[in-house]
Amino acid sequence: MNRSCAVSELLAEYGALIDAAKFDEWLALFADECRYEVVPRENFDRGLPAALILCDNRAMLEDRIRALREANKYNIHTDRHIIGLPRICDGGLRFEAPFVVYQTDQEGETRLFATGLYRDRVEVVGHRLKIRDKLILLDSFAVPSLLANPL
Amino acid sequence: MNRSCAVSELLAEYGALIDAAKFDEWLALFADECRYEVVPRENFDRGLPAALILCDNRAMLEDRIRALREANKYNIHTDRHIIGLPRICDGGLRFEAPFVVYQTDQEGETRLFATGLYRDRVEVVGHRLKIRDKLILLDSFAVPSLLANPL
Amino acid sequence: MNRSCAVSELLAEYGALIDAAKFDEWLALFADECRYEVVPRENFDRGLPAALILCDNRAMLEDRIRALREANKYNIHTDRHIIGLPRICDGGLRFEAPFVVYQTDQEGETRLFATGLYRDRVEVVGHRLKIRDKLILLDSFAVPSLLANPL
């Protein structure tokens, strides 16, 4: 598999696993040392470091998923990620891709939840790409409800 | 063409042909023996077999398209499918891909129509992939208007 | 890089550069002789030639970008393009791809802005694809605000 296909496959898995609520498999997409950060693009463009979410090691990310499972029983919804064509640099070890997430609630109403841009740095582990850094630039600072599920 | 490109191409054609209302060419994407099924994901996840639409052979699918042409003259709209990056398994003979469909009515208003996940099984016919089974998992059981056009 | 990957990469860059407001780099995606046209699909399907925007040479396109920079200071927003899987013909020198654009305003509200279809003709310049003709078929004739940024 060439690097471009590997990147597309990783992104496809990333979105599909969140949407299927398979969070352990989603965690397995990350490298042992990893970082997951959600920042409004407005802050990022101005060089303001405040993140909405920052997990700068794997334990924090695992903890977040555990909290999601055990604590967040309200605001029940399902996600749907549509991830656009990726733009690949650095021989495939860095890439960015735009995304939109829709959420569907228990009444069956589907709403636009968030749009933004993924900026990933990956590393090759065995024959797989693993996510080393995931920076999620959100187009809006005003996300319309809780950031429970990962983006 | 490698299998991953062939899958992307098939999905791109699938959406484009519906959006262009080229339903005969759309039908030609299916194998002689085929199945087309639309199920709310909620039902599917609970193992409930009730489908919103089930065409379990090609004649049913052709019939549906004929009905669409001859009977559905109201609710005139155009579709736009955005299909996300596919996740490929089984050497490219099975894949899934998230999708969103927008509809634009005659007043020029564009609305989110549906989001969901395609799960396809394909077979190789000559040098083309043909759809053997198409399972469409809809995120909402409450589709906001008639399911006239195929998803 | 095969032609299919090159097309995907070009489309990804196209959307990313608009969304990042890097309009000079966006201009550099076009060939020296080029055409950029926005037409409601309804007009196009009926053979009506009226375009919402027509730049039939590069100077016009550059002029449009200059106007955008100098004059359009109101209606401040950011764009997010999600471009679907491309459908490639003619050995990769022509392709089409569906798109959706979201806009986020200064209050942080993200709205669906437009959906449609790109139809591109490209040429090979050095080892890059450059856009020769870009036809943008908009699903709605009623775009909800000014067509300031390129689509």
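To keep things simple, chains are lettered A, B and C as they appear, and every chain counts its residues starting from 1.
Here, a contact is a pair of C-beta atoms (placed from the backbone, for glycine too) under 8 Å apart; a residue touches a chain by one contact, two chains touch by 3 or more.
A quick note: this is a predicted structure, and the numbers were derived from the prediction, not measured.
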Worksheet item: In graph terms, with chains as vertices and touches as edges, which category applies: line, ring, star, complete, or other?
Response: complete
Worksheet item: Do the two copies chain A and chain C share over half of their interface residue numbers, or under half; same or different?
Response: different
Discussion item. Taking the mean of the CA coordinates per chain, how far is chain A from chain C in Å?
Written reply: 27
Item to complete: Give the residues of chain A that touch two or more other chains, as numbers and ranges in rising order.
Response: 82, 84-86, 100, 112
Worksheet item: For chain B, which residues are in contact with chain C within the complex?
Response: 1, 5, 8-9, 11-13, 15-16, 19, 78, 80-86, 100, 102, 104, 107-110, 112
Item to complete: Would you mind writing out the residues of chain C in touch with chain B in their complex?
Response: 2, 4, 41, 82, 84-88, 96-100, 112, 114-117, 139-142
